[in-house]
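The chains carry the letters A, B, C and D, assigned in the order they are written, with residues numbered from 1 in each.
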Amino acid sequence: MEEALFLKTYVAEFLGTFMVVATGTATMALTNADPLTIGLAFGGTYAVAYYAFDGLTLGEFNPAVSLALAINHQLKWAEMIGHVLAQILGAILASGFVYLSAINLGTTGSNIGQTTSNLTDPMILLVEGLLTFFVVLVYLRVNPTETSGAALINGLVIVALSVAAYSLTGPALNPARAIGPAVYVGGKALFQLGDYVLAGLIGSVCAAIIHRLLKTDHSSQKTD
Amino acid sequence: MEEALFLKTYVAEFLGTFMVVATGTATMALTNADPLTIGLAFGGTYAVAYYAFDGLTLGEFNPAVSLALAINHQLKWAEMIGHVLAQILGAILASGFVYLSAINLGTTGSNIGQTTSNLTDPMILLVEGLLTFFVVLVYLRVNPTETSGAALINGLVIVALSVAAYSLTGPALNPARAIGPAVYVGGKALFQLGDYVLAGLIGSVCAAIIHRLLKTDHSSQKTD
Amino acid sequence: MEEALFLKTYVAEFLGTFMVVATGTATMALTNADPLTIGLAFGGTYAVAYYAFDGLTLGEFNPAVSLALAINHQLKWAEMIGHVLAQILGAILASGFVYLSAINLGTTGSNIGQTTSNLTDPMILLVEGLLTFFVVLVYLRVNPTETSGAALINGLVIVALSVAAYSLTGPALNPARAIGPAVYVGGKALFQLGDYVLAGLIGSVCAAIIHRLLKTDHSSQKTD
Amino acid sequence: MEEALFLKTYVAEFLGTFMVVATGTATMALTNADPLTIGLAFGGTYAVAYYAFDGLTLGEFNPAVSLALAINHQLKWAEMIGHVLAQILGAILASGFVYLSAINLGTTGSNIGQTTSNLTDPMILLVEGLLTFFVVLVYLRVNPTETSGAALINGLVIVALSVAAYSLTGPALNPARAIGPAVYVGGKALFQLGDYVLAGLIGSVCAAIIHRLLKTDHSSQKTD
């Protein structure tokens, strides 16, 4: 990767994460939307961002994915930290935009698409961890920046898991997406934020390990 | 581009914009549809039109996209004006068709899918401008006429932004789509039309600038 | 096309049309489904059938498409008639299957997904004709049997037009799909059947003409 | 296939079936979801699993598909039995995960997405058999592990048939998916389980036979 690309990579991670979080959480908060609509807003935007920012970044828009790429030597540790900071900044600004829109629309602004759960803490870790594991594993096995079809597959896993876990954990599937709204609304979303972030890390590490175990010469041709 | 192709380009821009506006606004006005259905009607038809009219036109169907292509020297300024006129004509005839259908069905015809917003004027500019920025940026980075997959990606961004901004600005995401119905129903839709058109221009110019800044040798291979 | 392929072609047209009509009309009649669900049942099954029966047939599953292919010399007139008969037989058996399922489920069987409209007869011709024109034009310009992506584009136009015209004409978009259920339920569906079939023919002829006018050396490489 | 790939194949069949059954049945049981949402949760996850586990397995995640592949000599009989056992184990653990989540969420756990039908037994056999026939035939003709587009086509047939047969048989479309929840909830789901499994076998055998009859030199290039 050339030197000049560095700043562009961070801009891409920022813009992509902004798009995903703004679109998904605005749909949750401002549109009277059912779980499928919310899932498609998130998953569709991930697919668009994966494909649109290809060539500038590995296109993660998710700290859990960035971490797994670093574990698997596809991303340097220092770069990974830069990506994650750009993602968190994008998510926080996106939630600020949704918050501003909600206030202007005349709502109380207490719902800006934050993640909360009625499960016990260990169960949040299990559910979010398992879901993030699948999201990251699919990313590692199917590089979404290769073809638009692969971008759709990586968006589709977000859609399916979003509707499945709607009543369980929201879900976040991405620590940055959990952080963004929690900063503004505080309360339960902030209180449970540790669970969501920790679950993301656990899912990421497990996916990186299983990905290595499953790797074959055949599959590596396609996914790397 | 050959001389003989000129007229065909305008026919394609007219037919594509007619399809998009007729399908999307008819779904809003005549089908008791939720935001996802409306978003898929618009986004799905854009994807179909992008792919189906490839070879005849750059496939914009949106003045904001045509303007950005002209700024980036991918379309001559005179041609751009022709494209935009064909798009506006297509949108106005499409709304006439929806108006005629609504009357024949026995409704008052006061809802033909026009765009209106409860936001303040500056907020309309911010929201529509930001959304149009993303629509145009994705188009500039992922040429929808190249593969059906890229056409789907460009349709998907319309779906996701349509559901996210449903309660904010409609949204239009395309000045021609805002003009079409406003001509027939007047009132608030006509009153706010300036905001929608101006927001489209601002989003277009910003996307053209950011696209140039983000351009790399690698990405230009794919998106040009 | 070899001699041995002939029978397989008719089996493919029969199976594909059976799948499309059974899936779409069962969703209308037996699932408490909104217009989007119905549109996706029809459009999704068209996409699947287009791709799955490629290599056996041009994959029309729609008399309006078969007619346009014959007009454009892509299908012999005698073969076209065979395809259309296989399509009508598939549609009628599919509606029989839905009728049998409805009775076994304990409904009256008076709703098996038939097409009816509250529009005036000339307006039915205009709406169905215009919609079928777009369906056939997209098919002629984007061969759905070439790639799975093109199959999706041809399915997507069905989804978008189905939701847009849900309250106008159903819609049929395919004379065989209108014939199937009308045979069993009679009444208004049978009374208006002439409108639907005639609209299909008009849309088909117009699409074949416009397709020729729009054809360029560039586009013919891709669509033929 | 190398010796070392064997265990990985079983892990892939286990993980893929776990993903499909957990996502689909959790959506049915825990999200207040309409038939389209449920269909997209199942079909979307199949598409993701088909593409993500390519290179490790033929990617069946369904005993009806594995059986048809064995009949058509694409899978050895001994391997097929191993695949089916891994699939059933994945489905049972997935239902255990959904059961645990339901209890933790405070529901009675009596709905974990099991399949039941109000049809008569012969009609269950006819409906499930016919639907599984189409699912397997599409798989045999369009290898989902080849491109992401083909994976989407195989997911789409699940979406369309799921919404069409929602009120008829659930549907299962996959004996492993019927077995998973029935183990925990018993009752009607367990009582009718024989019908679902038998229907899957009948559909599989019929699809294998029709696939052979329809095979041409042209189509075999693409689907094998």
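Quick note on the criterion: a residue touches a chain if its C-beta (ideal position, glycine included) is under 8 Å from a C-beta of that chain, and two chains touch if they have at least 3 such contacts.
On a predicted model such as this, the values are computed, not experimentally measured, just so you know.
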Fraction-based call for chain C against chain B, same above half, different below: different
Farthest chain relative to chain A (centres taken as mean CA coordinates): C
Between chain D and chain A, distance of the C-alpha-averaged centres to the nearest whole Å: 28
Euclidean distance of C-alpha centroids - chain A vs chain C, Å: 40
Chain D, residues touching no fewer than two other chains: 34, 36, 147, 149, 152
Contact set on chain D toward chain A in their complex: 4-5, 8, 11-12, 19, 22-24, 26-27, 30-34, 36-37, 40-41, 44-45, 47-48, 51-56, 97, 100-101, 104-106, 147-149, 151-152, 155
List of chain D residues in touch with chain C within their complex: 34-36, 118-120, 123, 127, 130, 134, 137-138, 141-142, 147, 149-150, 152-153, 156-157, 159-161, 163-168, 213-214, 216, 218-219, 221-223
